[in-house]
Structures are given as structure tokens and as C-alpha cells.
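Below, each structure is written out as C-alpha cells.
Each of the two complexes below includes chain A, the first together with chain B, the second together with chain C.
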Partner chain A sequence: MDKVRIGGIKKSYELGLLKFGGLRAPAPFLPGICRKLAEGRINIAFLVVTGRKEEYQVSCCVAAEEAGRAFDLVGHGRGPGGTEGRLRPSVGLLSLYPTRANLNVLDLSLAALHRSALTWHALASSLSTLTFVLDYRDLEAAIEALTGVFELPSGHAPFEPEMKVFQSTALKNEE
Partner chain B sequence: MVETIAVYWEDRIKTYGFELATGLALVQARWAAGREDRREAPGPTYGLVLAQSFDGATLELTLVMEAQAVSDLEKRPGRLELYEVTAPVDMVHFQGPHFGDRYGIAAAAFAALAEDGLPLLAAGCAGSSIYLVLSEGRGEKARKALDQSFQVPRAQESEK
Partner chain C sequence: MKDRPLVLVVDDDPDLVEMVSLKLESRNYRVAAAYDGVEAWDRIKAEKPDLIILDVMMPRKDGYKVCSEVKEDPVYQDIKIILLTAVGSAVTSTSYTHKDGLSTLADDYCPKPIDLDKLMELVEDYVG
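Up next, the complex of A and B:
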């Protein structure tokens, strides 16, 4: 089968994954944990909320070095509307672009990861990207699996992230 | 990898504007590896796809699509097994500078919806995009609620 051309694949830096299940509804749990993370100045790099019939799940990625603190800040998921959460301390994002929101790209990606017995924890699309959450140690294997079905342009940029942004409330000379 | 520190000075969080889509379908589907792959290029498109796995094996997908795409998918499902379609639903999505790199964006969005009592059906934040899926008729209310917490470009502001 011919490979399908896409524009590229990009890895994230290392993240931690917070997972919460058994929610009767996204609110009040979801606004609550997001507020606590914001108060703790922790960025949410990735978030998925799905569910049906009063059974909702939330997956949320934050920087790996902040994951333990984040999990503590949200009370391990206990609290209004919540249940016990889980923390997976070392995951990463793998983003394919552009996918043109095409189901074939999604299907090919899932098949490639499945053939390589790679487990993914969550996925979400955005404007032109399809992003998977996998164990950080599996990212290279996932790239190998995906490049088996997708053709990347010659001179593709490095898979590694080029920049990591930290958010501050003060300019450096004020600190 | 370059590490940089960013400071944001905003009264309200800036966005590039809100997009509201109505009359969509929310599709729950399973991806079955063992099923026959009968793909036909280019294939139907989605507005949003989300999934999460708790046991490492369940491949259940949440798709937001146009009604026609659902119809196409029902005719040629390939490895997707559709088991529930909720329609119509509304979807609001928006982007902003450095979303994904800064804290407080999701908190502001979900707080705005909660304050107006607007329940979510699904949501996704990846890259610099936020997608919110709501029941029919609640998309416009959500956009108005978000307007209170986020700044929209002047061009979109004048369209109101």
C-alpha cells in the first residue's frame, strides 16, 4: 500500500498524565480541577473530556516535573463530583499534521500503533493536527510505526520539541 | 530544546475569535482492529475526534461530524463501529496566542460555562485549540459566556 503523505510529526517534552473516571458529569469536577491547577500556575498541555450516560472521563497532561504537585493539588481526584484519579508520571504527545480532519489518517494511525502493540492513553484533534498521548518511552517506537504508513517531506524538521515555554507573572529583573 | 519564560499582560485572555458550528452529530464509535479495512480516499472528515483509554485496550472514539459525514460513515464504516449518534449538537472552538503553553486558559473557559450552567458533552484542548461540545442551542449561549472571560478580535466584536 502506498504511504499517505502528511506534513510532519512532532514530539512533546515529557509530561505527566492525570486520569479521572466515573464522573456523573464534567461539572463541577472539571472546572474545579482546572481552577486548582491554574492557582498552582500549572499549565494544561493537553486535555480530553468524553463520556455518555452519566459516565465521564477526563485525561489531562501537565509537565512531568509538575505532575506530582498537580495530582496533589487536585486532591488525587477526590472532591466535588470526583472519584479517585490515577497519575501516569511519564508520557508524551505525538502530533501528526496536517491531517485535514480525515478519518483515513485517524484509521491508519490507529492501525499502525495497534500493529506495533503500542498503547495510547488519549487522543484529540485540533485544527489540523491529531495528537496521541503515549508513554514517553514509546514515542520513538510510535514514530517508527507511523512513518511506516505516512510519508514525511524530505528535510522534515526534527521530531524533538524545539521550545519549552514557562509562564511567569513577573519580568526577570523584577524577581 | 530552548527554554523561555513568557509573561502575559492582559485584562482578559486574548483569542483569535470564537467559531460556532451547529447542527452537528456527536458519534460514539469503537475502532475494531480485526475488521476489514475498506478505506476509500479521501474518506469522510470530522470536526473533532477525542478518545481516552482507561484499561489500555478500549478503543472508543468520540467524533463530532456533519450529518452527511455520519451518513457516509454508516455506509462505509471500515474499522469503525458506530454505536451511538446524538444529534444535533453545537460545537464552539477557539484558539489564542500560546494556548497550550500557559496556565489558566482551560480554567477560564470551563468556569465561564459552569457559571452559566452550561453542561458539556465533550471537550478537547490540544495545541493552541479548545473545543467545547454542547447540546443543541447551547453553543451560542456558551459563546456569549466565553465573551465575558476572553477577548475577541475587533473584527469579530463588530459582527455581534
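Up next, the complex of A and C:
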């Protein structure tokens, strides 16, 4: 079978996954935890809300070294409208792009991960990208599975992220 | 009949590349994409675009470096370059500033966050 050409695959640095289920509605819980993370100057690397009538789930990833602090900051989920959450300390994101609204990319990705017995915790799409949240230790195996069905361009960048962005409390004096 | 102009969009944010590409395609430009500076050079050599929309802060090779290499290479120096520059950052550690963008050999620049209509006007000015 011919491989499908895509623009690239990128993996994230190590993250922690904060997962909150059993929510009756996204608000006021979701704005509440976002506000608390912003006050704690913690960047959100991934955020997805899934659900239907009175049964919502929030999955939120932050840098692994800040995950414990983030989980404490949001009171383990026991805030207004929330329920006790769970913290998975070592996950990573794997992003494929561009999908160009081609459902075949989703189909092939799911099948490839399934064939390699790799489970994922969350999935989201954006304008261009399909992103899976997997256990960090599984990322290499997932890349191997995906490169078995997708062809990457020559000169493709290393899968490893080169930059890691944290918020600083120091402000620069612009001239 | 002359081919429609080819625009190479280079940014390490795939969503930004897609957004700009869709807009360019809707205006009948041909579009190629690259997601860092090294990949950009591969596309430049393979496809010789008419114009490059080039981000600054990218892995492996940044936009300033790509811009100088293109403009100093007699084979490629005629390619127009619009640099996507971040307006003065409040982050102490950043080494990329608006002023640096203005001091490159780029033909023009467009500040981030991008105003797509303004960017399209610039593209139109150079290769429309």
C-alpha cells in the first residue's frame, strides 16, 4: 500500500495530563481551572473538552515538571462545578500535519496505533493538525507506527521539540 | 500562459501555515509549505518560489539566517521575502525583536499576530 504524504509529525516534551470527568457542564469549572493556571503562570499545552448532555470531560496537559503544582492549584478538580480529577504524570503529544480535512489521515492514524497496541488518552484536531495524547514512553513506538503509513517530506525536522516555553515573572525593559 | 506565482509559506506552527495557505489559494496563488528553516531551503531549491513568507523563530535554522542566505545567493536573491516578525517581546530571554527584523535583507515584513488582509496586500504588491 502506498504511503500517504503529509507535511510532518511533531512530538512534544514530557507533559502531565490532568483529567476531570463527570462534569454536568463545562462552566463554571473550565473557566475556573484556566484562570487558576493562568494565575500560577502555567502554560496549557493541550486542552480538550468532550461530552454530551450533562456528562462532560476535560483533558488538560501542562509541562510534566509543573503538573503536580497545576493539579494542586486547581484543587484536584474539587472546585465549583467540578469533581475529583486524576493526574497522569508522564504523557506526550504527537501531532500530524497538515490533515487538509482528509479523514483518511484520521483513519490511517487510528488503525496504525491500534495495530501497534498503542492506547491514547485524548485526541483533538485543529485547522491543520491532528493531535494524540499518549503515554510519553509510547511516543517513539507511535512515531514508528505512523511513519509506516505516512510519508514525510525530505529534510523533515527531528521529531523532538527544540524549544520549551515557560512563563517568566521577569519583564524585559524594551528600549 | 505564465504560471500563477508560487508562494512558499514557512513557519513551525502548522495551523498558521494552513491559515495563510488557504487564504493564498483562495486568491489563486500556488502554495508550497515548509515547517522550519532547513526544510525551507529544500523547497526553495526544488521549487524556486516567487515569494517566501518567512517566520523568524523556528527550529534548526531561523528566518533571519534563511533570509540572508537567500539574498546572498545569486541564484535565489531575486526571490521576494516577507518576514513575519514578532513585535517587541516582554520575555527577557528572547533574542528576536522587531528591530532585528527590520535590519535584515527582507523585502518587507508583517508583524505577528498576522493581519491576513494586510499580508495579502503585501503579497499582491510583490507578485500579484
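By definition in this document, the second predicted complex is superposed on the first by the 169 of 175 C-alpha atoms of A that agree within 3 Å, B and C clash if a C-alpha of one lies under 4 Å from a C-alpha of the other, contacts with A are read in each partner's own complex, and residues count from 1 in each chain.
Basically, a residue touches a chain if its C-beta (ideal position, glycine included) is under 8 Å from a C-beta of that chain, and two chains touch if they have at least 3 such contacts.
It should be emphasised that the depicted structure is a prediction, and the values quoted were computed from it without experimental measurement.
Looking at the shared chain after the overlay, A:S59 reaches chain B, while chain C stays out of its contact range.
Applying the stated contact rule after C-alpha superposition, one finds that A:E162 touches each of chain B and chain C.
Of the two partner chains placed by the overlay, only chain C lies in contact with A:P98; chain B stays clear of it. By the touch criterion stated above, A:S154 is placed in contact with chain C alone, chain B being left untouched. By the document's definition of touching, of the two partners only chain B reaches A:Y13; chain C does not.
Of the two partners chain B and chain C, it is B that touches the larger number of chain A residues. Contacts of A:K3 after superposition on the shared chain: neither chain B nor chain C is touched. In the superposition on chain A, no contact is made by A:R137 with either chain B or chain C. In the superposition on chain A, the residues of chain A contacting both chain B and chain C are 95, 100, 126-127, 129, 161-163, 168, 170-172. By the touch criterion stated above, chain C contacts chain A in their complex at residues 12, 14-15, 17-19, 21, 33, 35-36, 38-39, 41-42, 59-60, 88-94. For chain A in complex with chain B, the touching residues are 13, 19, 21, 25-28, 30-31, 34-35, 37-38, 41-52, 57, 59, 93, 95, 100-104, 106-107, 110-111, 114, 119-127, 129-131, 160-172. Those residues of chain B whose C-beta lies close enough to touch chain A in the complex are 1-8, 28, 31, 33, 37, 39, 41-54, 56-57, 59-62, 73, 78-80, 84, 95, 98, 100-108, 110-111, 113-114, 119-120, 122-129, 131. Interface residues of chain A facing chain C in the complex, by the touch rule stated above, are 7-8, 10, 95, 97-98, 100, 126-129, 153-158, 161-163, 168, 170-172, 174.
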